[in-house]
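The following pair of complexes shares a single chain, subunit A, combined with subunit B in the former and subunit C in the latter.
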Partner chain A sequence: MTLASMVQVLLSGLQIGSIYALLALSYYVIIIATGILNFAQGEWMMVSGVLGVTLLSVGLPYPIAFCGGIVGATVLAIAAERFIIAPLQQRQASEAITLLALFGVMLVVRYGTGAIHGRLDEPLQGPAGNHVFRLGANVFVFSQSLVIYGATVAIFAGVVLWMRFTWLGSSLRITAIDPLAARLVGVNLNTVRTVAFALGGLIAAIVAWLYAPLFAVGYLTGAIPGIKGFIALFVGGMASPFGALVGGLLLGVLEVGAARYLPSIYAEGIAFALLMVILFLRPNGLIAPRRAR
Partner chain B sequence: MKRATFAVISGVAVALLSTYPMFGEPATGKPVLIGAHLDEAKQASYYSLLQKDSINLFVKDFNAAGGIDGRPVQVLFEDDENNPVTTVTKIDKFASAGVDYIVSIGSSATGLATQARAGELKIPHGAPANLAEQLTTDPPKRYYFRVPLRGKYELGAVAQYMHKKYGAPKIAVVRDTTQTGLVISDQWVKDLKNDGFNIVALEQITPGSTEASSQALRVKDAGADVVIVVGASIPDLANYIKAHKLFENPAPLIGNSLFTSGGFLKLAGTAAEGFVYPDAVDPSRPEIQEIDAKLVKAYGDQLKNQAVALQAWEYMRLVCDAIRRGGGDDREKIRDAMEATKDFPIALGPPGMTLTYSPANHDLFTGPDQVVLREVRNGEFGPGLHWR
Partner chain C sequence: MKRAAALFSRLYPTTFIGAAIVAALPLAANDYHVTLAVNLCITLILTLSLNFVVGYSGQFHLSHAAFFGAGAYASAILAKECHLSPWLSLLGAILVVAVLGALIGLPATRLKGLYLAVATLAFSLFVEVLVNQGGSLTGGGYGIQDVPPLAFFGSRLSGKSFYLLALVAVIVTVLVLNNLLDSKFGREIIAVRDHPDAAAAAGINPAATRLMVLVIAASFAALAGWLHTFYYLNLNPAVVSPELTFIWFFMVLVGGLGSMTGVILGTALLTLGPEFLGFAAGQTILAIGVLLVAVTLFAPRGLAGLIADLRRKVSAEGAA
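Here is the complex of A and B:
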């Protein structure tokens, strides 16, 4: 276990952990405001990437493809809320029905994209290109990794500041604490729900441009990061956005570390076993709500 | 005026009809029905759909050239949803429709379901690209015939190649977590050990990860002389290959036949150079180049050099020939004709290969010597290597 090896594990772990953390954040903003666990978050990420690849393939400039992918996926997330979730909520559908509907959205978007776009995985050019920086014989970092680290810091900071210093953000926080009280003080819960879905969709859509350049874009691209983001949120806890950050980074570093220092065929199992121990010791996640402490 | 218009239209119609035979004698009459089940949207769909495109183009060409003794071939496609249970219901549907033959272009798992059900219904059937070793039994299933590589010959060819080129190398095996990756790698590790190879590492790529530095460093630390990369999740395996090259590991990389997916070269980029893998197709064969040109003309580059599409084409040619030899419509006679196939010129395998089935053999490939090994060169899947 050399220093170089530990540095590489840390760099790699933070890289994939940041992706998990951002997806966890996208779940977080929806779940605190609405109580809804939106299974389709990974799919908004996938749609953003697929749209981007498609726009690039027809010769559009990178900034337009980038914006087009993100806007398209965010609009789809809002549409899912407006046309599926909102009507269900108005009819006071149970949580199970809402979850089932979102599960349906996830499948339709995933396999619909496969049917329209095709099933082959394709590369997506990263905003910073494909450069590799060597920090030693066995240590490297991609230019895209630096984009991931920077974007993670910026997005988390942006969401925290937005929730603290804007009226809409404050509405989200108040709704998370007590929806009835929020309504009494004039918060429109329908608007909050739409904003939460839009913000969650936007974050997931941005993640596509961080993740896919180091993996691929295809109709199944959102499946695994979507699950890992969800796990990261529950490990980190839902008391604040920092829970998503801590959970994501921890999951990433544990995964990469286990694959480096233990036989990698067991790495994922060991990483998840450790996470289960953490949840056993802290059932509300690492960053637990104050009243639960 | 109306009469004049009618006369002009009639004249044009007659002229068009009279010139049509110039394009060939198209098949007419009662169609010969063939059922094909495939995965339309799930994990096996990327190779299912390549085969579907190839079959559609083959049938169009074949019917335009006269079909089976003047009868057109019609293929009924059904989505098996990559689910063996659904597949069985689709086989029953084909049986009710009166198909003469069933072609499996989905996953091996659904191919196995077809083998069981179509065998019970006594409908001849088979697959152009299903690799699973379990599909071949000893003696072979009476109604099942196939042309793809078999796992054990694929590995046999790789083992011969490694012995010849590297003597007794220390081997690392890297796999993904797909069912295909796990099953193939377990089999390869077992067979390589039985063959006397020293397996110094078995590593697994974390699914969906952005890179595979941990696995690449473990393989480097293990001092493997050759690294075998197996599985079906091309993005995961491409990430390993990139990390392997980034850490300047000199050990050559050898894969399984599923790397022929077009996406591999794009995803692995320059790291794919020198990558060796077994294949059922040698692109240097003129027959392959001719089929490939037709597929590319019809569907564009996404069908270029796709082994499964070429296999589907050749399998359909074989099936149609057997139906013709069997007189059409009598499933038992078609089965017998298929089994009696002897020295059928086929564009798969190395140059000059022919296909001969017998009661004891329903496979095209009968040994590792027939397997083509190819290498990625200059960003493309290269021609067959001459190493034997």
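Here is the complex of A and C:
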């Protein structure tokens, strides 16, 4: 366990942890505004990447494919909210029914993409290319990693500021505290729900361009990060966006650390074990809500 | 006598419809149909017990696939590695899974709604990892082959004779769950679901009731796993895939949450439908997704709800 290997583990852990944290944030904005755990978040990410690859393959320039993928996935997220979630909420469907409907959406998007686009994974070029910077004897940093760290800081800062200083963001925050009171002061819950799903979709769609260049992109790309994202959120807690950040980074570092130093059973199971332990011992997550005194 | 007659008339549609559909199949049987029928029996035990937890007890548990898979693996390991009689391995499997159910159920009684769903889903995902990484005990990704077969007075159970065993298992499941729901315990379950505080005030322990329901349902999932193991005689990690829980959940929903007749109909329809329509695996899962969205949007009370609406309409017209 040399210092260099530990630094490398920390860097890769923070890198994949940033991805988890951003996906956790995309779950977070939806869950606080609506109480819904949107199973399909990972699929919006996948759609954004697959759409991007498709647009690139027909010869469109990178910036257009980038924007096209993100806009396409976000539009899909809004459509799912308008045509499936909104009617269910209007009928006051139970949590179980809503979750099953979203599981259905997830299956349709995932296997629909598999049917339309084919089942092969394809590489996706990162927004900043594939450069490698050497920090020490055995420590490397990729340009894509810098893009990931930068985007994570920017998106978290953007969402926190948006929630604090804009009218829509404040509406979201108020709805999270008390939906009834929010309605009394003139917040339209329908609008808040659509905005929450749109923002969640947008964040997940951007994550595709951070995550997919590390591996490849295909119809199954959304499955595992989608699960890890909500695990990170429940581990960190839903008291503030920092829960998503802490949960994501912790999960990433623990996973990479376990993969490096422990037998493979620990690396694969650690996220699920961590979530169970946290939910049973500290159901509100690591970053607990501030108590009223 | 009157009570027995009432019980019979209430049980009648549930058992009759289920038994008639299932029992008719293998009469026209080739091996393929028998396998379908056995599969349906196994799935029925799973959806009925899942409905017991989710529909009647109102707990949003997503760990049923873990119980099923653990039951299947426990049976196989006990029979093959420990050389236990295949019949005794049923008791062993139920014991293992009941303990597993209590292990997850005990802390889970503190959680509600989405938190319970996420915690139990995590448990199910964890069990899947354990089975995949279990080394020589579970055979990892390859699973377990050549489990010793079941024998009944010297004759090996397979094909149609195994189907009869599976049918008996389904009937036992229906009878036990129906009787449980009809008992004092059954009324406690409903009371805890609808008004936990009022139930506690009336002297019922909600946590103990919820835990008991989960352990019972887990035991039935173990029975289903045992049947699976000894019908196919080999196993792979697909039996612990957490997605299975959602599929069974979907069958329960199509049938009608909290209606045993509905669940039997829904399970039969969705297990046999895709086979007879000749869907390929990839198409089936896409079709399930589309149906899932359509059912939750347009028929949230499932077949049972549709039947009830129809009956009400007919009787309203009769009255007019």
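As a convention for this text, the second predicted complex is superposed on the first by the 275 of 293 C-alpha atoms of A that agree within 3 Å, B and C clash if a C-alpha of one lies under 4 Å from a C-alpha of the other, contacts with A are read in each partner's own complex, and residues count from 1 in each chain.
As a convention for this text, a contact is a pair of C-beta atoms (placed from the backbone, for glycine too) under 8 Å apart; a residue touches a chain by one contact, two chains touch by 3 or more.
Source: prediction; values computed, not measured.
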Which of subunit B and subunit C A:Q15 touches, first, second, both or neither: first
Subunit B versus subunit C as contact partner of A:F215, first or second or both or neither: first
Partner chain(s) touched by A:F133 [first = subunit B, second = subunit C, both, neither]: neither
Subunit B versus subunit C as contact partner of A:S264, first or second or both or neither: both
Partner chain(s) touched by A:A273 [first = subunit B, second = subunit C, both, neither]: second
Touching partner for A:A101 - first (subunit B), second (subunit C), both, neither: second
A:A115 touches, of subunit B and subunit C: first, second, both or neither? both
Interface residues of subunit A shared between complexes with subunit B and subunit C: 111, 114-115, 264-265, 268
List of subunit A residues in touch with subunit B within their complex: 5, 8-9, 12, 15-16, 19, 111, 114-115, 118-123, 130, 132, 138, 140, 142, 211, 214-216, 218, 220, 223-225, 228, 255-257, 259-260, 263-265, 267-268
Subunit A-facing residues of subunit B, complex: 40-43, 45-46, 49, 177, 202-211, 213-215, 217-218, 220, 234-235, 238-239, 246-247, 261-263, 266-267, 269, 302
Subunit C contact footprint on subunit A (complex, rising order): 35, 37, 84, 87-88, 91, 93, 95-101, 103-108, 110-112, 114-115, 227, 230-231, 234, 264-265, 268-269, 272-273, 275-276, 279-280, 283
Interfacial residue positions of subunit C with respect to subunit A in the complex: 54, 60, 107-108, 110-111, 113-115, 117-119, 122-123, 125-126, 129-130, 132-133, 246, 249-250, 253, 257, 282, 285-286, 288-293, 296-297, 300
